[in-house]
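Per-chain numbering from 1; labels A, B, C and D assigned in written order.
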Amino acid sequence: MGTSDVFANLSDQLGWQEELYKDLHRRPELGLQEHRTSERIHQELKDLGLETTSIGGTGVVAVIENGEGPTIMARADIDALPVTERTGLDYASENEGAMHACGHDMHVAALMGAVRILVQNKNAWAGTYIALFQPAEENSKGASAMIDDGLVNKVPHPEVVLGQHVMPKPSGHVFTHAGPMLSMADSVHITIHGRGSHGSMPHLSVDPVVIASSVVLKLQTIVSREVEPGEFAVVTVGSLTAGTQANVIPDRAELRLNVRTYDTDVRNRVIASIERIVRGECEAAGAQDDPEFDYYDQFPLTDNDADVTDRISRAFDAGFEAEVLQPGAPATASEDFSELPDAFGVPYCYWFFGGADQEKYDDAARNGRLQEDIPANHSPFFYPVIHPTLETGTRAQVLAALEYLGK
Amino acid sequence: MGTSDVFANLSDQLGWQEELYKDLHRRPELGLQEHRTSERIHQELKDLGLETTSIGGTGVVAVIENGEGPTIMARADIDALPVTERTGLDYASENEGAMHACGHDMHVAALMGAVRILVQNKNAWAGTYIALFQPAEENSKGASAMIDDGLVNKVPHPEVVLGQHVMPKPSGHVFTHAGPMLSMADSVHITIHGRGSHGSMPHLSVDPVVIASSVVLKLQTIVSREVEPGEFAVVTVGSLTAGTQANVIPDRAELRLNVRTYDTDVRNRVIASIERIVRGECEAAGAQDDPEFDYYDQFPLTDNDADVTDRISRAFDAGFEAEVLQPGAPATASEDFSELPDAFGVPYCYWFFGGADQEKYDDAARNGRLQEDIPANHSPFFYPVIHPTLETGTRAQVLAALEYLGK
Amino acid sequence: MGTSDVFANLSDQLGWQEELYKDLHRRPELGLQEHRTSERIHQELKDLGLETTSIGGTGVVAVIENGEGPTIMARADIDALPVTERTGLDYASENEGAMHACGHDMHVAALMGAVRILVQNKNAWAGTYIALFQPAEENSKGASAMIDDGLVNKVPHPEVVLGQHVMPKPSGHVFTHAGPMLSMADSVHITIHGRGSHGSMPHLSVDPVVIASSVVLKLQTIVSREVEPGEFAVVTVGSLTAGTQANVIPDRAELRLNVRTYDTDVRNRVIASIERIVRGECEAAGAQDDPEFDYYDQFPLTDNDADVTDRISRAFDAGFEAEVLQPGAPATASEDFSELPDAFGVPYCYWFFGGADQEKYDDAARNGRLQEDIPANHSPFFYPVIHPTLETGTRAQVLAALEYLGK
Amino acid sequence: MGTSDVFANLSDQLGWQEELYKDLHRRPELGLQEHRTSERIHQELKDLGLETTSIGGTGVVAVIENGEGPTIMARADIDALPVTERTGLDYASENEGAMHACGHDMHVAALMGAVRILVQNKNAWAGTYIALFQPAEENSKGASAMIDDGLVNKVPHPEVVLGQHVMPKPSGHVFTHAGPMLSMADSVHITIHGRGSHGSMPHLSVDPVVIASSVVLKLQTIVSREVEPGEFAVVTVGSLTAGTQANVIPDRAELRLNVRTYDTDVRNRVIASIERIVRGECEAAGAQDDPEFDYYDQFPLTDNDADVTDRISRAFDAGFEAEVLQPGAPATASEDFSELPDAFGVPYCYWFFGGADQEKYDDAARNGRLQEDIPANHSPFFYPVIHPTLETGTRAQVLAALEYLGK
């Protein structure tokens, strides 16, 4: 039985799948609070006759056993973002201040569609398929919550883990390559302690505004002088806040930095350099108290295994009309996906699938207006077109699964 | 009749004056909203048989005519600060979020006491005494509000204007000198427009955090390189805020600067240099939009007239047991007081009087703990001791008045 | 006849070739002054029965016609560096202050060996071989001097141009890949005009030391914020000089910058940003006179043609025992080599060959001491080991030639 | 006998004195090399019948004892500067590269004239007059050389020491005041050690150009933030040099700073802050080696004693037609003069006398061209007009002496 047969009734399920997608889109929930979302996922899986397990709070796992064969795991993330939707869609968010602005609702609907196809076509494959619905990707807490809750011991050991993400690229296409797909990310909240004073008496102060400003300029030297030319590294000071009034020198300044890298050695050097620079600048200014460094939102590298990615790419090439495309420049988003395969010590493949209307995308590309006209993930205007995005995401999950499990 | 006679019954009025002071302290009102304060001032003046005039909204003026003689004006400011009182006094502020943290309540009570003495001792002087109660000194809007409301045409033309301020110096003493007493002050809110981007895509941004940081460092060169060595000038960036998240490059940065100078040419050069530096840094960074400069809280120089100050100092030397003291280094606070004499085109004298307990002050001075132990104006812990501060402020106003009006 | 036959008597010529190499090494001459070097090259070529032409002053070309067939060109650069040799070799430089510290003497000896082999093995090939000896590579003036002197019209039109460079990699190996091999380079001498003053009177100055310092810090933002992360770009301020005495503020500062890029758009943006930053900083500081920008030592990109490089790589793989190696990270040196094929509008291949003793190299690599123990080009300690470097360079030129001309 | 009598024959000596002045001007000698100058001074003193002593190498002292009375010392400095004279005077420097560009020749001629008057008018005074001719003022080594050579034990103990300096102010006038006359000065040569690299490999370097630039910007904060507003302090980086080529990152940067202050506490804080900033910036940049600080050209404060200056000012007021003038803003030059009185532990007075043609000066002042038209000390165009400058300097020394010694 060829893979094409399993998709014979794909169009039949689209009505159900679209309803599921729109329902999730209307009711976005922030990380670790995905109670209703989790509930609906449990219900859908049970409707397919599957047993479900809650892992890591709002995380959900279903294990589909189908005789002898390999075990693989596919993961979808389920959380939304604290963004106020401005798409104007008739199925726009009804939860004020929350929005599926990163398309995780599409990931859920696609994986659920793949599960349904696999359940309904058990004759086409053999082995064990683990569908994993992960909470709280955006704040990097969901994968670790599931792992901390005993994931590795609660489900069979997969030999490979699969993940996908919808992106502002042409709908109908999938994109992947071996090696680094998504960068590491580290955020750090730095507090610089100076000494406050009246604005007219700077000699009694250790001015944290000046220290912070000098830090910002010196941080530029990490990428410009310390990282090898051509090596990927970003050090962004996204936020700098100090003081509230013109005539009062505050006693502290706070910076929020975001670091992006693709190489652990580079990352470690960058982090060390940030701390060295901040400490050095505090000493240069005569600050009495040490600066503080609080790290958060830390994401690992997403680094596709060569062999797995080769197999899956070939499966995609065969199963889609178009070839798998290169994702282009390394994506600068980050993911906690890879924590899952790392917990099992197994390889993985992660791919993108397009969510932008092809015609609109091509127009924008021709006019050099991609950034203006094709809203990116996290934008209040971002949304995938439902068709053919939903079919593509579903088909990709099934093709990848059958590459390992197909008869 | 000597000046000592007029003070014969000074102690008799202290009960009334202390009640007035505590009532004002309990009910502080912010600038231009001093409705209850203004009401009470009107009533006190009327109780003395005086006619009152409202000028500049909550400003109050009473003109005491007493035959042929010079005309002089004495001014007290009446507004409070947006500070939450933490003194623990039993007469502490009952208006949440407002506090007489700069001692203007003491100025009102002292001037009112002086008015009462002058009214009750008309045989000791001749001429015209104008008691002016000014709103909104803290935001520099009160003096100009009174002038804009026609002050100069609504009251007789004084030949000199007098003002005083309570300070964290030993109670019982007055302090003044000819020449600059209080600096000019200018605040400016600067908005730097960059271009925002995702934190991982700095190449699509014009990073306002970096521009603002460079501006802060370059602003240091105004005092270090552009102002003549030894000339007084302060340029403080009291507030710098940009962005809220680590991984988003914001589209703007905002700075709040405070400038202190004693010379108009220096001030003008400093202001021009600030604008030149900010514009140059925006150009250096390739910012498309011009930075914005909004000036506020601008205070003129308080520059005591030599002759007036000489006369009043001698009157103080004679009328107080102790000599008038030097205020020490130029005070770094600022005042809109001088707008009043400037509106009339007449000279003025402005003096400080101490509000700190003498013993406590001496102890702190001996232990090098003046800054820690003697709260300064604007501190939530600041308060003048009532005695002898109230007598000193009252006596000073009377002595200064009689120097011009005394028989 | 296989290529191996042409190398049959390679070892016979080694004595002559080593003598030539050592002679050139002893008598290094700086760019455009390679009179003796040029003389010797003419003589060697004439000794082989070839006609020679001087092009671009000290440049030398010999055209070897050998019947019908393709025309190709091979280039060696011939100039030395202003370095004082410290190798201690018995054939070290006898020209004080000049040294073949970049190995161009090796390039000449290798190309001359290849010419000799080709002349002596005319039965093994057919077509036209142009041996081009180029002056003044180090200051980027030699290729253009030859082109300006009519190179394109003075020699037959080649279909491909070949070049090679000895590097501090293991001797016996060649290294190349399609695409960018050597970066673009641009140097710029920037003069910032301030206003001088006595050191104690900064208010009369526009301090160029401060401007230059701010420029240096702001230049860091080009790589850290303006260039896309992961894109290769280097902006180095190699020299900053201003003033001579502590107590005199100078009237100017001079910076010498070096820019390295692999993409013309990136290069153009970097250059534009440098000028924008310097001008912006001068304006921010209130400098009256415009800064000056003088560009020099500008090198084009060396960007190997894919097809040519593929052919030559296969020829090397076949003709050497070892495979062609990847040059690793993009080399950060620059070359004017590509100006020659660009003048003809033809593709090219440029490769490296190792000059370091294999055993010493391996030891250093094992001990993490490559930088300390294997002197790099331009170092006063740099020298290729003669054997097998000379054979490798000769063999590479012959193999590449026969790939196009071989029967 | 009045002081006017002693000047009766002042005009008689002018021919001799002018010849002496021109001779010194023609033969300027740098600090500690004033051999011919010293020789001539010995001879002149001997011609007056005085015994002379060499102290501190080229220093000369003559002690004139004239019975019971106070002992005072007057000092003239004798060294020239490494400046090439461009005055066009017919008595211009004949010693290439040396020039009396600071007017010390005038100091010598004036003091010698005073000595002659005192010797010739011994009936007008009583006591002991010590004429001290000090070498090497410009590099601050001369006073200490004399002290180290035992000055305090080799001459009688004076009760006051007098010094004067010719300035670009109107000739015929003297200028002084109690308190600080000349600032302290400290120069420091700072070496910052980074790590060099090829310009294209910044990641292998610790870039000293960037460190030095950051140091320069951070040094601005000493005056702008650390020194009390209005307090005199100057920190100038007069020289910054690093590297020679665009494409080589150097291994060090060198800065030469000059510090000017009027208060020892301020000076000490500034010096400490310089070191703290440089060390902090080196640490921030990850420099391995400590920076080096070499101090030189250190001058003490010249701080006129109130009582001495009051006496001498009154003597000048009486003895000159015009009143003593205020020197205006604190002069920013520095002197090692005060080391002499400090060695004896006695008070002193130091004054300026004008050297500029009165008419030319007034014209320049009217046209706001003082800086352009009246060359200042150290300029290759600087020279005092001989008349009346020579008389003024002579008369000032005599008047000051007779204030203490006059009968």
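Going forward, contacts are C-beta pairs under 8 Å (C-beta built on N, C-alpha and C of every residue); 3 or more make two chains touch, one makes a residue touch a chain.
As the structure is a computational prediction, the values presented were derived from the model and not from experiment.
A.B. asks: Farthest from chain A by Cα centre, which chain is it? Let me know.
C.D. replies: D
A.B. asks: Between A-D and C-D, which chain pair shares more contacting C-beta pairs?
C.D. replies: Most C-beta pairs in contact, of the two: C-D.
A.B. asks: Can you give the whole-Å distance between the Cα centres of chain B and chain D?
C.D. replies: That gives a centre separation of 45 Å.
A.B. asks: Find the geometric centre of each of chain C and chain D from their Cα atoms only, then give the gap between the two centres in Å, rounded to an integer.
C.D. replies: Chain centres of chain C and chain D, defined by C-alpha means, are spaced 56 Å apart.
A.B. asks: Using Cα averages as centroids, what's the distance between chain A and chain D in whole Å?
C.D. replies: 71
A.B. asks: Give the residues of chain A touching no fewer than two other chains, as numbers and ranges.
C.D. replies: In chain A, 200-202, 207, 210, 214, 217-218, 220-221, 224-225, 228-229, 231, 234, 260, 332 touch at least two other chains.
A.B. asks: Chain B touches which residues of chain C in the complex?
C.D. replies: Residues 200-203, 205, 207, 210, 214, 217-218, 221, 224-229, 231, 273, 276-277, 279-286 of chain C touch chain B in their complex.
A.B. asks: Name, in rising order, each residue of chain D that touches chain C in their complex.
C.D. replies: Listed in rising order, the residues are 183, 185, 187-189, 198-202, 204, 207, 209-210, 212-217, 220, 234, 236-250, 253, 256-258, 260, 297, 332-333, 371, 376.
A.B. asks: Write out the stretch or stretches of chain C touching chain A in their complex.
C.D. replies: Against chain A, the touching part of chain C is residues 217-225, 228-235, 260, 262, 329-330, 332.
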